[in-house]
Each structure stands twice: as structure tokens, then as C-alpha cells.
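Below: a set of structures, written as C-alpha cells.
The two complexes that follow have chain A in common; it is paired with chain B in the first and with chain C in the second.
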Partner chain A sequence: MEKLNSLTRNRIVLLVLLCVLPGLCFIHLISGQIDISPGDFYDAILQFDQENVNHLIVREIRIPRMTMALIAGAALSIAGLLMQTLFNNPLAGPYVLGINSGASLLVAFSFMTGIPCLISDMGTVASALLGAFLFGLIILSFSYLVKSHISLLLIGLMLGSFTSAIVYILQSVSSAEELKAFTMWAMGSLQHVELSTLPFIILLFVIGVVGTLFISKPLNVLVLGEQDAKLLGIQLKTVRLIIIGLTALLTGVITAYCGPIAFVGLAIPNLVRLLFKTRDHRTLIFASALFGGVFLLLCDTVIQLLEASILIPINAFTSLIGAPFVVFIVLKRLA
Partner chain B sequence: MISFKQAHIGHNKTLLAIESLSLAKGEVYILAGRNGAGKSTLLKTLTKEVSLIAGNISLNETELNGIRPNDISKHLAFVRSSFPNVDYLKVLDFVALGRTPFTNALGRLTSNDLKIVAEAIDALNINELADKFTSELSDGERQLTAIARAIAQETSIILLDEPTAFLDYSNKMRVLELLKRIAQEMNKCIVMSSHDIDLSIDSNCPFLVLSEAGIQLLETPVSKQQVLELAF
Partner chain C sequence: MRFLLFAFAVILITGCSNDEFGDRLLPDHDEFSSIDSFDVMNVEYAENFDIRKSEGGFTLSIIDPNEQTVEKEFTIPINKPLKLISLTSTVNGMCSLLDAQNAIVGISSTDYLYDDQLKARSESGLIAEFGDESNYSLEKIIASGADIVLYSGFGDKFPNQEKLEKLGFILIPVYDWREVHPLGKAEWIKLIGVLSGKIEASKKFFDHVVQEYQTVQEKVSDLNTESPTVISGNLFGDTWYSPAGDSYMARIIQDAGGDYVYKETLGTGSVERSIEQILKDNSSTEIWINPGMSSLSAISKVNPHAKNLKAFDNVYCYSKNMNLFWERSAAEPHHLLTDLIQIFHPDLYPEKETYFYGKVE
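The block that comes next holds the complex of A and B.
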């Protein structure tokens, strides 16, 4: 009976969040510096007029930004969940393990080369994906060498520091223009995506989510530890590579377009486990995506509302909320 | 059943050579020997975590070397001495993971799977734990839960690494009696390593004693004298 109740409760929580989601999206859409009437939103979508500035703002700025907030939050949260399950470590995440740094490093390299095709959007995405995947493999190989959870996190952080050092050196030898392009990117923002690029990002995101749903069985078994998962017939080597690949895809595409965003991937899966009290990845994947998307949407709504007076990078804002929450998780586990 | 022929077991160099040995269904074999004699290595050779150096081992007439690592799950279930330390994993879901080798790519449990899981939980008489989180269980309850998962896996062989190590006296007895009943009623070949020699002798199980001289099968009734002389 109790099992039924907790299952029903979880479904109700998800359903409620899904129901309020359109409302939250709407609040995000209208909370910009320029006041746009709901009527204009309606027209911008259904009766688009290229001459109308408000229509252009809605289509080219507001809608892409809102969509990116949802997708980035969802993608990073799923990536965090994947890392936490693979390394059996609730404090793992794409940012702390240095997967983001890998993306940043290769993007920095591609910016600094000055080769046009590498500086293009596609070049940035390809570099970010490759960087994320390479650093994922590096962390995976380190995980065989160190047995302790804390050691692996430390190695991830060192990987991050090492990478930023290299990026600083690269910056010092690059031209003013290259430097500006990279700095803009590294600040992290949800507003550099154009409407025309959205379908491509959505496609990569959907591939990542569907791929993750397809490996929910091995993810569920991995909770028992790698040795037992193997004895239950899970093809460990393949599964590990798929997990790293999906994490790189989800982290890489977001990092490429929005710059590094910290703590979402680490905090959201923990929040979701705390709320849903389950280890079933089918629920965890869906809930992480939904909560991550809503979380980043709310963060960005606040940023938009404050934009007139202060400009807060999204990365700084998520850290402001995420870092204390992670400390809370650590204290809770020690208690 | 498990049979050994000139099997050389160890990490890279031979720690234990088994000339010829056959373990039958319906019995619980107690694997005894001093620390480092090779109890865990022997169990891990059967699970293919340690590779066989030379010779032959077969599980139910299938040669161990011919079984792919992913298929070992259909021949044997292994209960480790340590229980995974994860939160929010319910006993029912933990036992259901024993069905992993049989579920489809998405891990969907059929009504038949659920029936088998319920029967495994029933066989161990832990129905009242089914909705608890594994992190809330006592050591004894964890052991019963781990055994339930092995039973849900429906293999003819179950290996257990020191299942009684962390239990109090009454729970040790309970686990041993239970394993004996399972071996007989479900016709399984069970091998468990143990340092609880007195207890295991009381339970009237055959012994596999490891020593420098190799492995020695002692049929029931086993006397403590015999075990001690051989092993220590």
C-alpha cells in the first residue's frame, strides 16, 4: 500500500510541476527589460511581422533564451545524474569532474587558432563535444586508479584548475579580438542562441535524453556497484563508454552555446533523489530534466528582472544557489 | 552442479590446484580454510572475476571458459560479503534486480518476474521488509535480502562469501538453516565460505577444506577435529 502511495505521490509532484511549467515559461518571457504585451507575443508567434521590433524581440531573443534555459537545465541535470550513477558518487557532476573544462579548453584552442571554420558555431560545438568526451575518458581512466570518491573529485577539480591555467596562458598570447570572443563565451549566457540554431540544439538534446532513457536498465543495476552489475549480465565496458558519450553530448552542446554553467548537474539529481526517494532511473531521468529545466528558468527569470540594474552571469547565479545546497547535501550525508 | 578437473586457481600463480572434484545440487558446501588459503579466489574464479590459470571447471556441464562474462548470470548468483551502501533503494527493487538477466533492454519487469520476486521474498520470510529502504536494514536483514536477490536470479548455483560473518548467533543459525532448506527444496548447489566452523558443523553440511595440500571434501558427518587438522 505504502509503495503505491509513494509512486502516486511522485507522479502528482511531476504532474503539478508540468502544469505550472507553461506559467513559469510565460513569466520568463514577459520579464525582460522591454515591456511586451501578451497580445504581441500571440502575434509574434502566429502573425509574425518582420517590421515590428517587439515581434523580433520575442522571436529572436525571448523564445530562444527561454528554450535554452529549459534545455540547459535539463541537459546538465541528466549529465550530473549519469556521472553520479557511473561513479557511484552523489557529489559527482560534469562541472566538478572537469568535463566542462575539457569543453572550455578545446573551445579556447579553436578560438585562438583564428581559423574561420573553427570559430564558427559548428566549430565551437564540435570542439566542445570533443573536449567534453576526451576529459570524460580521462576521468574514467583515473577512476580505475583511485578507489576513493573524494580522490576522484579532487582529480576532477585539479583537471579544472590545470585547464584554466592553460586557458589563461592561451589568452595572454591571443589577439584582442580572439580574446573578446572567448571571454564573451566564457562568461556564460543563455542569450547568444538564435532561433535558427534552436532546432539543432533541440535535436542533440533529444538524442541525449532518449539515449539516457535507453540505458536506464544498466543505470539501475550500476547502483549495486560495477562488479555486481557485471555478474548480472551488464556489459560494463560498453555501458561506461555510452555513459561518458551521453554526458559529453549533453554537457558539450550546452557548454558550446551557453558557456560553463556550474552546480546544476551536481545539485539537481540530489534534490530529485531527496524528493522522490527512488533509485529507478526512468523516474530520476525525467524528474532531473524537469527540475533542472525549471530551476534554470527561475534563475534566468531573476537575472532578467535584475538586468536593468545589475548584470549577473548565469554561472555566478547557479553557483550562489547551488554551492550552499551541495554543502547541505554533504552535511546531511555525514549526519 | 560444479565440477573441477586439474583446475589451477590463483592470481597469476597457482594458489590452489584441484585434481578432481564434483559438487552436487541439493547441498550446501562450507568452504573453510585459514585467511589467504584461497576461499575468495576460488569463488571469484567461478564468477570469472579471476581467470582460471589451467585445467577445467564446468558449471552444469558447460565449460567455464566457454561462458561469456555476460552469460555467467544465467549459471550462478553471487552474494558478496559487503552489501551496497545506497540510499532510497527499496528491498523489493533490490531483489527485483536479480531479474536483470531476464528482463528486456529497458528492464521492464513482467508479471512473471514480479511473481518470482514475490516468491523469493516469501521464501526468506522478509515480506514485512519489502517496502523498507535497504539503508534502514540491520546486518541480518541485509543478508536475507541479498540471498533473496540471488534466489530471484533463478540460477542452479549460488555462491556466498562469508554470509554469516557480521551476524549474531541466532541470525547465523537462521541463514544456515535457510540455505540448507533452499538447497534441498529448490535443488540448488550452494557454496558458502565461512569462518564459523562450529556452527557449520552443527548444521550438518559437507565441508570443502582448503590448505597447502589442496582442497579436501569432507562428507557429513564432519568432525571439528578433521577440519582443524586439515586447515590449520
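The block that comes next holds the complex of A and C.
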């Protein structure tokens, strides 16, 4: 009965959030510095005029920005959930474990080697995916050597420091333009994606989400521990590799287009677990995606509302909110 | 951020032999004997330094651009050749224009050198590399035997300032980049003239620049054609930085007959705008200068929305030779002004090649 109540409550929460989502999207769309009438929004979508600045702003900035907030929040939250389940560690996440750092490192190489195919958009995406996957494998290898959660987190942080040092050296030998391009990418932004690029990003995102839903049962079993998972016939090696691959895909594509965005992948899955009190990964995946998307959308809406007086980078804003929340999680675990 | 801006702006030293003015302006006698002529070398346009004759030499005052109070004051002797470490490109350029390359014993990096003579001296070991001012070797500076270190002053203090001053080094922030008037920026050559013993040459050079600048400016003021609208700057992160209405760049755009979009904004630094605001404000702006990138593909990489600006087909950058620009644009604002006039009013100099600027393709 209690389980049924919990299930119902979770469904109601998700349903409410789903109902609120279009309203939040609308608020985000109209929150920019430029006043745009509803008529302009309508025309921008259905009767687009290239010469009309308001139409341009709606199509090339507001819609891609809103979509990227939703996708990036959802993708990073799912990636964080995957990491936390894989390492059975609530403080794991693509940022903390160095997956983002891996993506950043290879993107830095792609920006600063001067090789044209690497500097292209596709080169950046491929570099981010490869870097995220390689560093996922590295952290997975370390997880076999160390059993302590804290040790693994420390190794993740060290990987981050190590890559930062290499990136710093690369920056010192790169040209001014390469340095500027990389610095701007590293600052993170939801605004640099164009409408024409969105379908490709959505495609990779959908592949990542569907792939994660496909392995929701093995994920449920992984939570029980390695021994139980083996007894229940789970191919641990294969599942772990798939998890790393999906995490790399979700993190890599977002990192490539928006730069590294901190704390979303760490904070949101924990928030979802606190609220939903379930181990069912279908629910957790869906809830993480929804909460992550809404969280980043809200963060970006606040940024838009403040734009007239202060321009805050998205990465700084998510850290401002995410870091205290992670401290809260740690204190809660110690209590 | 500050460091990055510093790194982009404060490129290292160099010099090339004095071309246009060398034979005509530079005296061949020892400049250290010309102190008497200093009576007529007033500081007219620059706001961030002052020079006074004092017993046995000159007193240089560096004015804090924020507080407008004297930040540092030094007495420079006239009877001793000084060895300079120059950590800003401007100083390298000014030394090369005064044919005073021999005074320089240290630079930040050879990568940004333009002047052939400085390059040659660097290759032969007469000039050492010290790295930028945020990351230099203290002991290397101490061992250099230099008297004076000239730096950009982007930070609050020069790193290890107290230690170096205790050891007898004179540290001079070169605030030319904070000057509002293009000729004020150029006037810093007088300070370099005092430090390098090229007093008379620096005075003559500056007078020549003033004359050239005013002559070129008059050409534009006689024009009856409409001024083209101009935007400057680019995105950094999600913020577009443009020169504020009272800044040096805004001033020189106006002097060149351009209608700068943000001319009404207040301040001498920069104004910050979101990309939405930029698109809205510049839907009909005709010319875009100083995007900080030398190709349209590089601009698109950091700013994918740039192609929605009408001015995307008309982008100009000081990309003919970046090192030349960083070394010489401060001391030779008349070249900068002429370049901008050629961009804004191409009919005025139909045959003339631009000096610093090129069209971004």
C-alpha cells in the first residue's frame, strides 16, 4: 500500500512538472532583454522574415537557447545518474569524476593544434565524445583498484587537475586566436547553438536517453551490488562499458556545444533520489531528465532576467546553486 | 579574464628600423646633452604621466588612471644610459621608432616582435626573454643588470614589486592604453624618449604625429558624405564588449568620420551587451571593426550568430601584421586614423594601401 502511494505520488510530481514545463518554456522565451510581441513569436515560427530582427532573435537565439537548456540539463543529469549508479556513489558525476575534463582536454587539442578538420564543429564533437569516453574508461579502471568512494572521487579530481595543467601548457603555446576560441568555449554558453544544429544534437541526445532506458533493468540490479548482479546474470563488463559509452555520449555532445557545465550532473540525480525515494531507474532516468531540464531552464531564465544589469555565465550560475547543494548532501550523509 | 585580456593586449617587444622618420628626424648627436630643449617639451595630450626637469635629470610622474593621483615618481638621471626591460609591445615600438633599440635588454617573448633590429639583437643574445609580467623569473630580472622595468599595469601591482624596488629597480607602468585621446596615447613616446636618451627625437616625432593626425582629420571634416555606421568588438563568453562612448577607440572612429553605434554611452572603458541587444542595435550597421579574429570562419566559431549582422560582409581587423599593430599603433595614431578613413570613406584614398587594417575574409 505504502509502495503504491509512493508510486502514485511520484507520478503526480512528474505529471505536475510536465504540465508546468510548457509554461516555464514560455517564460524563458519571453524573458530576453529585447521585448518581442506574441505576434512576432508566431510569425518568427510560421512566417519567418530574414530581414526582421525580432524574427531572427526568436529563431536563432531564443528557441535554440531554450532547447539547449532543456537538453543539456536532461543529458547531464542522466549522465550523473549513470555515474552514481555505476560507482554506487552519490557524489559521483561526470564533472567530479573527470569525464568533462577528458572532453575538455581533447577539445583543447582540437582547438589548438590548428588542424582544420579538428577545428570544425564535427571535429569538436568527435573530440569531446572521444575524450569523455577515454576518461570514462580511465576512471572505470581506477574503480577496480580502489574501493573507497572518497578515493575514487579524489582520483577524479586529480584527473581534472592533470588535464587542467596540460590545457594550461597548450594555451601557453597556442596562438592568440586559438587561445581566445578555446577560452570562450571553456566559459560555457547555451547561446552558441544555431537552429540548424539542433536536430543533430537532439538526435544524439535521443540515442543517449533511449540507450539508457534500454539498460534500466541492469542499472536496477547494479544498485544491489556486484555479487548480486553477477548472480542475477548481468554481464558486468558489458554493462559497465555501455554505461561509460552512454555517459560519454550525453556528456560529450553537451560539452562540445555548450562547454563544461558544472554540478548539474551531480546535484540533480541526488535531488531526484531525495524526492522520489525509489531505486527504479526508469523513474529515476525520466525524473532526472525532467528535473535537470527544468533546473537549467530556470537558471537560464534568471540569467536572462538579470541580463540588463549583469551578465552571468551559465557555468558560474549552476556552480553557485549546485555547490551548496552538494555540501548539503555530504552533511546529510554524515548526519 | 584580466590575465587573458592582458595577454592579448600586452604583446612583446620588438622593433624595426625607423623607416619614415629615421633620416629626417633623428638627430645623430648624443641626446643626453639636450636637456635644455626640454623646457619646450610639455605633456599636452596624455593624462597619465608628467615630465618635469629637475636637478641632474628629469622627474617622471605616473598618474593612477583610476584615482588621477600620482602613483609613482622617479628621478631619471641624464648622464647615464639606462637599460630597459620592456614587457609591453608599445614600448618596443616606441624604442624602435626612436632608433633606441640598444636601450632594451629584455622583452616578454620574441614571438610578438616586429622590428628587425630587435629580432636581430634577440637572436644574438643581447636581448633576453622574460615571459609576461604575471609569470616571469624574478632571479632572471635581477641578474639582467637592467635599471628599469616597463610593464602594462593591467594588474594592481607588478608581481614582487617591493623586492625589485628594494634591489634598486625602477618599475614603470605604461598606461598608454588608458589614455582617451589618440594623441595622448602617442605622447608616451616622450617618456620613452627620456628613458632611452632620445629626448629631442621623441619630441620631434610626436610633433610630427600631431601634425599628421590633424591634417588627416581635417580631410574628413571637409567631407559632405554621410558617415557609415560602425560597430566594434566581439563576443567574449555571452557578452559583447564594445568601446564605451568616451573611449580612445570611440574617439578615433568619430575622428575618422564613422558613426559609432555606441557613441552616446558613458565611460572610457567598454560597454557590455548581450548578443540579442547587439543584433537589435546593429540590424543596419554597415561596418564592423576589431572583431579580434582575422577570418570569418574564426569569428563564426566563437560567435555563430555573427553572420546575422548586416556588417558581417564588411569586417575589418588590424590583421595585416598583428605584431606591427601592437608595436606601432599607439605611437602612430595617424596611420590608424588613415586606415579607418580608408575603410569608412574609400573614395578619399583610392590608391593608398592600408597600414594596419585588412578586410576579414
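Going forward, the second predicted complex is superposed on the first by the 335 of 335 C-alpha atoms of A that agree within 3 Å, B and C clash if a C-alpha of one lies under 4 Å from a C-alpha of the other, contacts with A are read in each partner's own complex, and residues count from 1 in each chain.
As a convention for this text, a contact is a pair of C-beta atoms (placed from the backbone, for glycine too) under 8 Å apart; a residue touches a chain by one contact, two chains touch by 3 or more.
Computed from a predicted model, the values in this text were never measured in an experiment.
S.K.: Using the superposition on chain A, decide if chain B and chain C clash or fit.
M.R.: Overlaying the two complexes on chain A (C-alpha atoms) leaves chain C and chain B fitting together cleanly.
S.K.: So, A:Phe214: does it touch chain B (first), chain C (second), both, or neither?
M.R.: After superposition on chain A, A:Phe214 lies in contact with chain B alone.
S.K.: Looking at the overlay, what does A:Gly233 touch: chain B (first), chain C (second), both, or neither?
M.R.: first
S.K.: Would you check which partner chain A:Ser31 touches, where first means chain B only, second means chain C only, and both and neither mean what they say?
M.R.: Neither: A:Ser31 stays clear of chain B and chain C.
S.K.: Figure out whether A:Arg279 sits in contact with chain B (first) or chain C (second), or with both, or with neither.
M.R.: Only chain B is touched by A:Arg279; chain C is not.
S.K.: First (chain B), second (chain C), both or neither: which does A:Leu224 touch?
M.R.: first
S.K.: To be precise, I mean the smallest distance between any C-alpha of chain B and any C-alpha of chain C in the superposed model; what is it in Å?
M.R.: Minimum C-alpha separation, chain B to chain C: 41 Å.
S.K.: Where on chain B is chain A touching in the complex?
M.R.: Spelled out, the residues of chain B in touch with chain A are 47, 49, 69-74, 77-78, 80, 84, 86-90, 92-93, 97-98, 100-101, 103, 105-107, 130-131, 133, 153.
S.K.: Residues of chain A touching chain B in their complex?
M.R.: Of all residues in chain A, those touching chain B are 2-3, 88, 214, 216-217, 220-221, 223-225, 227-228, 230-235, 273, 276-280.
S.K.: Touching chain A in the complex: which residues of chain C?
M.R.: For chain C paired with chain A, touching residues are 4, 7-8, 235-239, 272, 274-277, 279-280, 283, 292-294, 298, 301-305, 308, 322.
S.K.: Over in the complex, which chain A residues touch chain C? Could you list them?
M.R.: Residues in contact with chain C: 32-34, 53, 56-57, 60-61, 119, 176-177, 179-181, 183-185, 187, 189, 191-194, 307, 311, 313-314.
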